[in-house]
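The following pair of complexes shares a single chain, chain A, combined with chain B in the former and chain C in the latter.
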Partner chain A sequence: MHDLIAITALGASEPQVETIGGITCTEVANLALASVAARLGGEAACRERLASLVGTVPAAGKAELTGPFSAKWVGPDQWMVGVEYEVQNDIAAHVKAALGNTASVTEQTDAWSAFDLSGQRINRVLELLCNINLSSVGAGSAARTSIHHLSCFVICRVPNANVRILGPRASATSLHSAITTAMRSVR
Partner chain B sequence: MLINHPLLGPRDSSEFIYLGDATLIDRPDPETASAQDWHDYAYLRDNPAGPHRELWFHEAGDRSWLVVTRNTVTHEITSVELARDVARSQGRSK
Partner chain C sequence: MTQVNRLTGGQIDRESTLSFRFDGKNFSGHPGDTLASALLANGVRLMGRSFKYHRPRGLMSAGSEEPNALVELRSGARREPNTRTTTAELFDGLTARSQNRWPSLAFDVMAINDRLSRFLTAGFYYKTFMWPAAFWECVYEPIIRRAAGLGSLSMQADPDIYDKGFQHCDLLVIGAGPAGLTATLTAAHAGKQVILADEDFRMGGRLNSGRFTIDDMTGADWVTKVVAELATLPNVRLMPRTTVIGAFDHGIYGALERVSDHIAEPAPGKPRQILWRITAAKTILCAGATERPIAFENNDRPGIMLASALRSYANRWAVTPAKKVSIFTNNDDGHRTAQDLHRLGIKIAAVIDTRPDAPGSTDYEVLAGAEVANTTGRLGLTFVEVRQSDGSMRTLECGALGVSGGWNPNVHLTCHQRGRPLWNETLSAFLPGEDLPPGMHVAGAADGQFSTHGALKSGQQAARRALGLRGRPPAVPEAEDAPVTQTPFWYVAGCERAWLDQQNDVTVKDVKLSHQEGFRSVEHLKRYSTLGMATDQGKTSNLGGLAIMAELAGKPIPEVGTTIYRPPYTPVPIGALAGRSRGKNFKPVRLTPSHHWAKERGAVFVEVGNWLRAQWFPINGETHWRQSVDREVRQTRASVGVCDCTTLGKIDVQGTEAADFLNKVYCNGFAKLAVGKTRYGLMLREDGIAMDDGTAARLAEDHFVVTTTTANAAKVYQHLEFVHQCLFPDLDVQLISTTEAWAQYAVAGPNSRRLLKKIVDPAFDISNDAFPFMACGNITICNGLRARLFRISFSGELAYEIAVPSRYGDALMRRLMVEGEEFDVVPYGTEALGVMRIEKGHAAGNELNGTTTALNLGMGRMVSKKKDSIGSKLSERPGLNEAEALMAVGVQPKNAEDKITAGGHLVSADGPLDAAHDQGYVTSAAHSPTLGKMIGLAFLRNGGSRHGEVMRLASPVTDLTVEVEITSAHFVDPEGERLRA
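After this line comes the complex of A and B, so read on.
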């Protein structure tokens, strides 16, 4: 039996938390992810089953964040489903069992790193990081955009106060550096 | 330049990658196409001064392929459609 020590995307044993100028960036190390792509002809059935798993199937540019299983729209007939490890750490198998042959499901957990950005007027940070139209971002908005030349998702829970940024895990340190640099810049 | 994405609204053109003439959608049928058909498909392009239908990829966004109708003289964009809708309306990808 291997005795391995789990590390976070930033390489530490505990998630990194940084507070600069009233804005906090928290590494999220317990997020399991799986992508869902509805199969041709199974789109309606996939939506029905996905709705029973996550609540409401998010429309284009939106995320569903109410239940233990979250979902965000990533493209036409494609979504990303997320859940905390403590609830379900074999997410792909769980989602596949729920969706059956209506969709193709791919494990994404170790492909992404996640950072929660919270505090007062965090749009000051986001506007330095990406070119999302922040005035149109509301609770439950999810946008894919470029941050620091990395393809990232920006998911809004509370406008101007709480967003989650997902970026490629292999570039987690670069993304974290970009976020904290922007945080220092708006102090 | 802004591209009015049919699902996501106006997005900056820096999020997109340009591929070229949208006639790439009209791939010849491999069962029946002649060598001349493949030659024309692979190499021949119109080069209009005016409206031009072209394929753009939303690389820094939802990764969808779009058919953008752009005036090559003025850069005015008159229509943006999802490439898969265009292809399906032509009987492809059924």
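After this line comes the complex of A and C, so read on.
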């Protein structure tokens, strides 16, 4: 086992947690991610194998969040698969083994930073951050949107109570600042 | 001063008193007051000076259409010029200052302009400041700039914060008057998501200003009841203090919410204002109507205002500008104002009605068929001269005159997508046209429904129509439903200095002059006279100007037409448009995995796109950046250096036809690249010009990692997606960016292998034989961490790039520094990186500058003729392949002390020194610590065969002319022995 010490996207050894006005923003550091893109002609087979890994293969704008492996739709025949880092830190190898040559799999674990936003009326925070029709967002909705000029994913776990925001890791500080600034803004 | 003009009643909270200052004097008011109503309550009629003639001005209106009573609100950095007193809510401690006057509001020296008005007519500037041309910029412009404008900026940074946000709804209702409230109720009861936005802090529109009843309640009480009900509904969002400023594409409306303008300063962390973008499936515009004035001689004195404003101030705010007032009207609504004022105990000097058949009154005198001929009163109205129906003149003493010329529906938002309003003869007014923004409906007075019942009913009908609701609608509340007709009466005949646009000082005479001088189109009239071009956008003046132009042109008003209404409906602070994107938050930053470590080392950072990269790492004793950079270069070339190159774009290319795909996008061949090997690649644009360069490492038969330059990472990825999706969709290839997933460090220098051997796990042989130049592969380091190793070199030294998951980037850098101590390892930044690549003659952004070809770069033979690739055919164009084509060369000064500067041009040593004899230019230059002098990379005509030639380098920008020698671009290790060592 190697002895290099990881840091979180915000640059600390432990994830950052901040609560403002009953809303909590929690940095998520234990998320492993891999992108899945079906090979040409292997789309159906890829879906079949992906379903056995994550449960239901999510449709456009949706995420499957029920099992240990989650998945969200990111494009036609493309998904992002996630799992807790401690469960499978080499997620790409694991997913590739499951999907075989039906898909191209790329490690995306450290390409992203993730923040969980929870509390009452978090929609008031989200409406200051991104252009999503929050009234139509249900559990399992996944939207790609722009937050503070950054391309992000917003995945709803509990409407108006719990969402996960994924943004580019190198800009985690800016994204976190945008989120907590919006939290302070809410009246 | 006490509130001498405060009446009984009103919707103010008399239980508490607020103190405020205007022009240094202390006053008091109550919650519920605007600054305008509070000033009136304290007997202040004079509130400003006009823009051009510095005429004394007071309130004209009670709403956002106000042209006159503009002030500098607040003080210090929060001072905001041109703020309308009519929309500024009173708060304790408010300070305001009148503007555009000196030394005081009552005595303004610049009022001399009014005496010179004969010369300061429309088009004055155009006619006067024509000659001499030398005066345009040095004399005229400074004078005009000094005289222009009303309020002045604080010249300090705005201390407040602004947010921008997004909302979505089934129905957006704009305006919370009677129509807006019934529309909202209807939609809310149907279960729709509704947003009700109103610019006022109290919803209800003109129901707050009148004495009409709805069912068995006063209008104001009915509003309170309805708003209270709406507030309990989860599907309704009430947004008072919110002005919808524009109707944009795709059902998106801009709305400015004034979150904290009604308090002294925003609470910590809270915004002053929020600029919302509301996406609405349907919209109902219930923006009401604005009363229109009548122009007559000297109609701009403080105390002369719209009759509806007088009524609002009396009924809603319980104030009057004077104890004795007159009304000048051409319609029944003017009489309503007189009745309301009379009931509140204000003496009506007379109602002057232009109609011979005007209704009479037993409470006050009505002068039928009369008109106001002139007024007097230097700083405030004192007398009104009336021309009676029999032609006789009569003087009325009064301190205020309410003017009512009928009502103009507020159609502005219906026109924001170039819709044209339609003229309605019955109302003598423009109504919304048929080409409304998609999804928009109009109701209430904005649609010409001027009775209360008509407004209530039209709001309900519009909501049902917009939402497609079926079934029997609930009964509309009982309210007055008097028929309304409006007979046009725009101005009193014979008047000259009768003000149409009171903010920009445009008179009836100016419109006539515009017509006389040929500026007859409404668009020309607007620009020549500045009619409607002030901050109020002519809400009270446009139609009057059009009507007069129509009369002069002998055309009906609809044939003259209107100018285009454009967003924003009311002024928006620049801060609100910027939102949070200002200062250090102007754009997001990208931090490299070693950023925190580099910061600890005292690195000096440079912005590269959004990235912050370490530029150099100063150490104790170094006082100049050159010392640091030279040291970093020397130490790297002598032993080993480490540089964070994570910012280079990394694109994962997979698929069974990934190699075929790369063969299309790179001009050189990739199909035969062996697994475990890396190759330098050059991408061309369709037109044959070089686009970007980088490497592609083959990790498996169906897996490549492509690197790009930092600057072009996103552009290249976009290009590859375009090529994949649009040009070759039948290739089995999948792309995704992995730039940020991996921390990647260049480890360069003769001791780089020895350093890496200390961390690369023993299972992986990185000897020169096992892992030669351009090798690549997956490895593990530090006893098991997944990593990638590429043997590539930008510096020209024996070098590697090692990548680990980004979370371990910080730890890997620290480990390399510790393990490298025995080799005197040095971290190096982008400056040393640049110096070493120039020494080695490697091209970068300066050379790949959008004009150069592979041939220019000395890589002409890389463009494979054995295959077709993007740009290869057009790179063969004769124009790009001339014998005298620019070729990459090196330049070094003949005198080692001389400078080389990028951007300088090369001319022959003894020929003319001018642009016609230009033979090339320097793209990159640096001081080479290795060679002990400055060197440069350049493009020179036929440069490949001119090595050794002496030329002149001329740079007028840096005032440099030196002799230089043309050399190979490869100053260091031209044979490449070091990187293969």
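We adopt the following convention: the second predicted complex is superposed on the first by the 183 of 187 C-alpha atoms of A that agree within 3 Å, B and C clash if a C-alpha of one lies under 4 Å from a C-alpha of the other, contacts with A are read in each partner's own complex, and residues count from 1 in each chain.
Definition applied: a residue touches a chain if its C-beta (ideal position, glycine included) is under 8 Å from a C-beta of that chain, and two chains touch if they have at least 3 such contacts.
Nothing here was measured: the structure is a model prediction, and the numbers come from that model.
Trainee: After lining up the shared chain so the two structures overlap, which partner does A:Ala60 touch, if you call chain B first and chain C second: first, second, both or neither?
Mentor: The first partner, chain B, only.
Trainee: Go through the superposed model and pick first if A:Asn30 touches only chain B, second if only chain C, both, or neither.
Mentor: Neither partner.
Trainee: Using the touch criterion from the header, give the chain among chain B and chain C with more contacted residues in chain A.
Mentor: C
Trainee: Looking at A:Gln120, would you say it contacts chain B, chain C, both, or neither? Reply first, second, both or neither.
Mentor: neither
Trainee: Touch check for A:Ser52: first (chain B), second (chain C), both, or neither?
Mentor: Neither chain B nor chain C is touched by A:Ser52.
Trainee: Where does A:Asn131 make contact in the superposed view: on chain B (first), on chain C (second), on both, or on neither?
Mentor: Once the two structures are laid over each other on A, A:Asn131 reaches both partners.
Trainee: Who does A:Thr19 touch here: chain B (first), chain C (second), both, or neither?
Mentor: Touch status of A:Thr19: no partner.
Trainee: Please work out whether A:Arg144 is in contact with chain B alone, chain C alone, both, or neither, and reply first, second, both or neither.
Mentor: In the superposition, A:Arg144 contacts chain B only.
Trainee: Residue overlap on chain A between the chain B contact set and the chain C contact set?
Mentor: Residues common to the chain A contacts of chain C and of chain B are 40, 131, 133, 136, listed in rising order.
Trainee: Going by the contact rule set out above, which residues of chain C touch chain A in the complex?
Mentor: Residue list for chain C touching chain A: 161, 163-169, 193, 259, 269-271, 274, 277, 279, 580-581, 585, 587-592, 595-596, 610-611, 646, 652, 654-657, 702-703, 730-734, 736-743, 780-786, 804-808, 810-812, 815.
Trainee: Can you tell me which positions in chain B touch chain A when the two form their complex?
Mentor: 7-10, 12, 14-15, 59-64, 82, 84, 93
Trainee: Under the touch definition given earlier, write down the residues of chain A that touch chain C in their complex.
Mentor: 1-9, 11, 29, 35, 37, 39-41, 78, 90, 103-112, 127-136, 148-150, 168-175, 177-178, 181-182, 184-185, 187
Trainee: Inside the complex, what are the residues of chain A that reach chain B?
Mentor: On the chain A side, the touching residues are 40, 60-61, 73-76, 131, 133, 136, 143-146, 151.
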